[in-house]
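Okay, so subunit A shows up in both of these, paired with subunit B first and subunit C after.
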Partner chain A sequence: MDVFAFFQWLDTSWLASISKAYGGVFAVVQIFHLLAMLMLGGMVLAGDLRLLGVLLKDVPSEVVIENTQKWFNVALVVLLLSGIFMSSAVAIKLYYNSFFWAKMASLAFGIFFVYTIRRPLLRYDHSTINPWTLRLIAVASMTTWFVVAASGRWIGFS
Partner chain B sequence: MGQATLEKIAAGLSVVVIVAAVWFYWVQILDVLELLEMAYG
Partner chain C sequence: MLNELLLRFAEWMDTHAWSTALHESYYMYSWVESTHVLTLALFFGMLVVIDLRMLGWAFTSVPASTISRRLETPMMIGFAIMVVSGLMLVYAVPVRTINSIWFRMKMVLFVAAGINALLFRNKMKAAVDSWDNDPIPPKRMRTGAGASLALWSCVVASGRLMAYDWYDCHQNMSYLMYWVAGCVHEMAEFE
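Let's turn to the complex of A and B:
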């Protein structure tokens, strides 16, 4: 499917009709987007800083990762749904914004990294994993989600 | 995929991510410095 055609469709969809016409609805959805971003960032930081041995040292890292992953999943779903709704209000503008694509690329990579690399590896007993690999995963994970957030914020200034 | 293979992929990919992010922000910083130089000499 042509990517621009998708954005054109989004721009004229029923979602866009709501997001463009009702500022209050947009604001409420944006609040959920921001709250989910806080939650996702918090879960990433808690899990990765535990892997780095900075936080929650008295709790096994397996427990921290398992619990943060659950809420990470919830936050990601809310972010994606609210993000699609918010994008519909300015779909064509976003299509021509390079930082929007930087955000989408880093988001796609972040999702790939979490669900195909980080999560499967961290299901093993952490004491059997090379400590440097754990540290690298933690730094790469925080870096990726930082880039997602920073690129998202950058959209507004570019 | 076994743990050993996954570990190697994870470590390699993590290094690539960190290097790419540092490069990305370094380019942005250079852009800002160039703008500042243009504005203030």
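Let's turn to the complex of A and C:
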């Protein structure tokens, strides 16, 4: 698959014609992208710090995970939709940006990790799971989403 | 008068070698800004969890006071780092920041969000026993939580908009806009 062709297509798509022509629209979408990132970060931190036994120790971890996962899903959808729109404005520039690819790789891993490992595993009674497995999942999750956010921020500096 | 004082203060900060060094340091400035944004996730993220509980949209089986009490400390840690890194960012680019409409809006919203947080907290402490276990808190609490989310979201939004130069002093604007942005030199040209 020719990845560059996709970026060329995105650069000339109707989405790009909006994102490039209307700075105000781009800025508003960027705000939603940031707010969704903050919400996603909050849900990840609340859930993972509970798994590590740092936060909300008197609330069952199953309850914390169930509640944070719902809002994590909402934040992720907003993040992806706003991210695609924002990418269309500078598609070719992003193709040559190594931090963009670091973000995409960590994002892909993060999504894979959440929906194929973390979520299915944490559906079980947490008392039946090895505590070190829970801790490992929490640390891996926080590290992954930290890399996604940090590399995303660094796109703007590079 | 206030605009002149603020500008003089910003210009005084701008003469500091440390301000220039921080601004011109590629890695240091970027790290401070990244820290500001990432600790915002800790502060705003915890705030969202508390406010969603107060709105009756999440953690409805958990007492509201438990969520609020347990998340207050990490939220305040995030807040403290965010304020320190924010002050460093102002110090690095003082004149443009002080003359930014978005920064001024951010500060006004910041104060409003702070007042709302204090009122909200007091209201919650005064009456929490009567509705602590209710899945959906009383209307006055939901209103406070909604206002909290809206105000802090606007603080974040105005902070993000500071990157744009649409209303910077070098732009051609009306006298009122120059006054709001504190563009003292540009205002003088009108007189």
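The rule is simple: the second predicted complex is superposed on the first by the 157 of 158 C-alpha atoms of A that agree within 3 Å, B and C clash if a C-alpha of one lies under 4 Å from a C-alpha of the other, contacts with A are read in each partner's own complex, and residues count from 1 in each chain.
Just so we're on the same page, a contact is a pair of C-beta atoms (placed from the backbone, for glycine too) under 8 Å apart; a residue touches a chain by one contact, two chains touch by 3 or more.
Keep in mind it's a predicted model, so treat the numbers as computed, not measured.
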**Item:** Which of subunit B and subunit C A:27 touches, first, second, both or neither
**Value:** second
In this superposition, the partner of subunit A with more touched residues, subunit B or subunit C, is C
Determine, under the contact definition given at the top, whether A:14 touches first (subunit B), second (subunit C), both, or neither.
-> neither
### Query
Is A:35 contacted by the first partner subunit B, the second partner subunit C, both or neither?
second
With both complexes overlaid on chain A, does A:55 touch subunit B (first), subunit C (second), both or neither?
second
Dual-contact residues of subunit A, meaning touching subunit B and subunit C, are 146
Counting only contacts in the complex, subunit A reaches subunit C at residues 23, 27, 30-31, 34-35, 37-39, 41-46, 49, 55-59, 63-64, 67-68, 70-71, 146, 149-150, 153-154, 157
Given the complex, residues on subunit A that touch subunit B span 102, 109, 113, 117-118, 120-121, 124, 128-130, 132-133, 136-137, 139-140, 143-144, 146-147
Note: in the complex, subunit B contacts subunit A through residues 1, 3, 6-7, 9-11, 13-15, 17-18, 21, 24
Residue positions on subunit C within touch of subunit A in the complex are 26, 30, 33-34, 37-38, 40-42, 44-49, 52, 58-59, 61-62, 66-67, 70-71, 74, 153, 156-157, 160-161, 164, 166
